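You will see two complexes here that share chain A, one where it goes with chain B and one where it goes with chain C.
And then the complex of A and B:
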């Protein structure tokens, strides 16, 4: 085989391989975007709240934020996402609270129920509250990549190091992957 | 001149090859370093890691039960377990399975819809659906059924004694009282006094009740981490409660998720989240640990419980889809 025919043969095989890959990609990829646009998102069923989302994102404050699926919440006084484990007093004192930035706040509803909300400006996506809620509560607190903050990098630096492979590209039409009910609140576009 | 040209050409070629080799080595080194850096055990310490391993540790001397059988079931969703007439009764997506205590399959009875809870009393099998109760005989024949009123009714537990059947309704936070024939006799919501703002606090779909061997009705008040003893008319007679992430109490927002009784009247309890099964004395004091969290690695759901004639504990592990049998260690 001379050089020319070798290049010809190789070119054919590469083209064939590329076509096979594309065909497989189209037929077997489970989630296909109608618009052809994809964004990075966290699968809450896979996330193990390792805390890396807070430190690995290219944004100075991570684009990952805690979101609250209120439909799943028990509105409990003793909230595993709000209080440190083994907290003696269920008060709002910083020494009792799990969130390192004070982003998770609670409001009295009626005895003995409290509503928990997240101040996204303060949240750094560390997932401590999410781990507490998943371990001791209903799992209503979940980590999500907020698309008004995410730069949608070609390679997500968090996904690269995620120990549970919880981050993947999803169709832009279903940009949030939440257990239970979550209504995307109106967010200020930052870019 | 010609020789010089060849020499120069050879030299240039050598330099290019050397450069390419060095470049390849540099790239390989960078890739290897990057891969090594990415390895889980080589990453820098994570300042935001919430380590709950310490809470899951249990003093081994407290674990007085051992797992004697792990009976794997098929992959379909499992809903609940009960023990009666010397057999294990297990409900799944739309069927009722009958097994021997050793795990031998004795029968499979189709159900018309997806069940939520089950109890066996004498020779009747009561199966609770979302808002309906159906009664079966041991051969799987339906002998009765009735609808349970209420907009958001969600039956999560049944218990029968004498001619009464009690049903826990998590959706409406109430306990319903029926005759075993299906006549509605009343209900109670767990308010301890008339002016109380709340009775049963049910933050999630786990709301259990059971009869103790002495005939006393016990209802879990999960939001208060309490076990409450009621008369059959629904009057609170007594209670004990213990909320704690420690082994002596019930952890999380709500618990215990499931209860059962040992022949001596002790409570067997299971908790979700940090999954564990324990035995509490009738007074509420922790007696022993049946299964520590380490036995439910990556688990979330509290196993449903049933107790056999010899005091063996059947735990329906929803995460692993298996029946795990625990027996007391011989001293």
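And then the complex of A and C:
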């Protein structure tokens, strides 16, 4: 064996050793999850509806949508998320509605209750309805990252700019942080 | 942790439940919010398998089959699969940061497939050279297809620009370890093109790189890619590597015109050999200089930690609030207004910022020393005269694209 191939070989083994050490170190500290995966989620109780979700997502229409935690909804006629403040006549005319894209629609259930649903194709994640609902209602509307739309970027560009640090990586086993019901309104992590 | 979140939520909530739970008289049932699933984790392992297959085939085409055509097909496969289908994340280049984050942050455990994405190209480079860059990397592949009229770059300029990948790598590790951000992903120039949408600047950057790439072959790979910096080192010790000629070299120089990356070293017959004693003295001098360079780099790095730490939003916010207290009244500044509404005191924020800044001070030392070491070794490398009998691919710089193989008349 000449000098050149000796250097070559020892270098290779040193590099392989370094990689093995790194892998072993990560494994030993139980820092690897075999089936694990991380996805991005908004903590609805940290979110303050600043509106950056609508503009900062890498997707042309944000992957953040308004999600309705029906179990927490009061089914009000005068909905703070549906109507603009100080609206006098509660008609479904566009001039009265808070949602700029008309994504939030309502349906009469029974006197005096209305069901509110979100058309995700129209929703742009601006959070205006969420703000209205949190300020005047039960806060059953919330913003959330939808995994069928999210590109799962290695770094979420909204998370970087979120002023309240509400967006973080969560394990895929609890992929959705949706608000709970009246008894336990805290975040219910669902798959 | 869960209890804390629950308690925190409970303290806010009584104020939020302004209206009672409706009691329906009709048989109306409340719908549940839909939760569409993300891409299955099994699919991520499929990516790993495809990566493994593409790299194995590239190695076979480059070393055994000696076929440029085969590698070209694999390049297109990578662009379609890793680029347009998978749309980027997570790629081995970005996975550097995930590995660093797993080491630095106790709350983050590395998914196995990310670890595999990080390790496999490195292991392959130790075996067969940079076959990952050759065809499997979607960032390299798109640049490789758009080489139009490559110009020759003067060696001094090429080597000087070659320092940038190490700076980028060092900064990326520093920012990932301090939990600041993933700069490799943020400034990835081609992902916007693969996704056909993205931030305006990202797309512009991608187009600029592709246009430059028409004349300066693979500009991102050669002068910026941080993973390329790692592969450059490991590939030098590769077990088997693409060889320009199948049996013997006839010194026709055709391969050097074929290679757009100037990755082919010239033989002794056309190089001037430096005077032995003089070069030995210079070698020793520069060898002694390495610790000096490291110390100097470390000092500069630690001095610049204040500027570097401003990339972290907590530090930036604390600095802004302390230096411009009048901004508290600026209702348009979302970050400041959110901070004020959160009820956290400025002292807490400043203390948090100080902890992060201290991390940057330590990180600055390490970053500077690392860069000093790299510069030292790069200079030292220039002083070593390596005997070469014929035209050979430079193992560190060669991407195993196999262009030279078609040009070699000895077949």
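Operating definition for what follows: the second predicted complex is superposed on the first by the 146 of 191 C-alpha atoms of A that agree within 3 Å, B and C clash if a C-alpha of one lies under 4 Å from a C-alpha of the other, contacts with A are read in each partner's own complex, and residues count from 1 in each chain.
One rule holds in what follows: contacts are C-beta pairs under 8 Å (C-beta built on N, C-alpha and C of every residue); 3 or more make two chains touch, one makes a residue touch a chain.
What you are looking at is a predicted structure, and each value in this text was computed from that prediction instead of being measured.
Colleague: Of the partners chain B and chain C, which touch A:42 in the superposed model: first, second, both, neither?
Modeller: In the superposition, A:42 touches no partner, neither chain B nor chain C.
Colleague: Considering only the touch criterion stated at the top, classify A:22 as touching first (chain B), second (chain C), both, or neither.
Modeller: A:22: touches chain C, not chain B.
Colleague: Now for A:74: first (chain B), second (chain C), both, or neither, which partner does it touch?
Modeller: Touch status of A:74: both partners.
Colleague: Touching A:110 in the superposition: chain B (first), chain C (second), both, neither?
Modeller: both
Colleague: In the overlay, answer first, second, both or neither for which of chain B and chain C A:131 touches.
Modeller: The first partner, chain B, only.
Colleague: Taking the superposition as given, does A:153 touch the first partner, chain B, the second, chain C, both, or neither?
Modeller: second
Colleague: Can A:169 be said to touch chain B (first), chain C (second), both, or neither?
Modeller: second
Colleague: Tell me which partner A:64 touches in the superposition: chain B (first), chain C (second), both or neither.
Modeller: A:64 contacts neither chain B nor chain C.
Colleague: Mind telling me which of the two, chain B or chain C, contacts the most residues of chain A?
Modeller: C
Colleague: Just to be sure I read the superposition right, which of the two partners does A:99 touch: chain B = first, chain C = second, or both, or neither?
Modeller: neither
Colleague: Pick out the shared contact residues on chain A: the ones touching chain B in one complex and chain C in the other.
Modeller: Shared contact residues on chain A: 50, 52, 73-76, 110, 134, 136-139, 160, 163.
Colleague: Using the touch rule from the top, collect the residues of chain C that touch chain A in their complex.
Modeller: 5-6, 8-10, 12-13, 16-22, 24-26, 28, 30-33, 35-39, 41, 44, 87-91, 94-95, 97-99, 102-103, 108-113, 115, 119, 122-123, 126, 181-182, 185-186, 192, 195, 197-199, 233-234, 236-239, 313, 334-335, 337-339, 341-342
Colleague: For a test of understanding, state which residues of chain B touch chain A in their complex under the given definition.
Modeller: 38, 40, 43, 46-50, 52, 55, 197-198, 201, 203-204, 223, 243-246, 251-254, 273-274, 300
Colleague: Going by the contact rule set out above, which residues of chain A touch chain C in the complex?
Modeller: 8-9, 11-12, 15-16, 19, 22-23, 25-26, 30-39, 43, 45, 48, 50, 52, 58-60, 67-76, 109-110, 113, 115, 117, 134, 136-139, 146-148, 150-155, 157, 160, 163-164, 169, 172, 175-176, 178, 182, 184-187, 190-191
Colleague: Provide the residue numbers of chain A that touch chain B in the complex, in ascending order.
Modeller: Contact set of chain A toward chain B: 49-52, 54-55, 73-76, 78-80, 85-86, 98, 100, 110-112, 124, 126-128, 131-132, 134-139, 160-161, 163.
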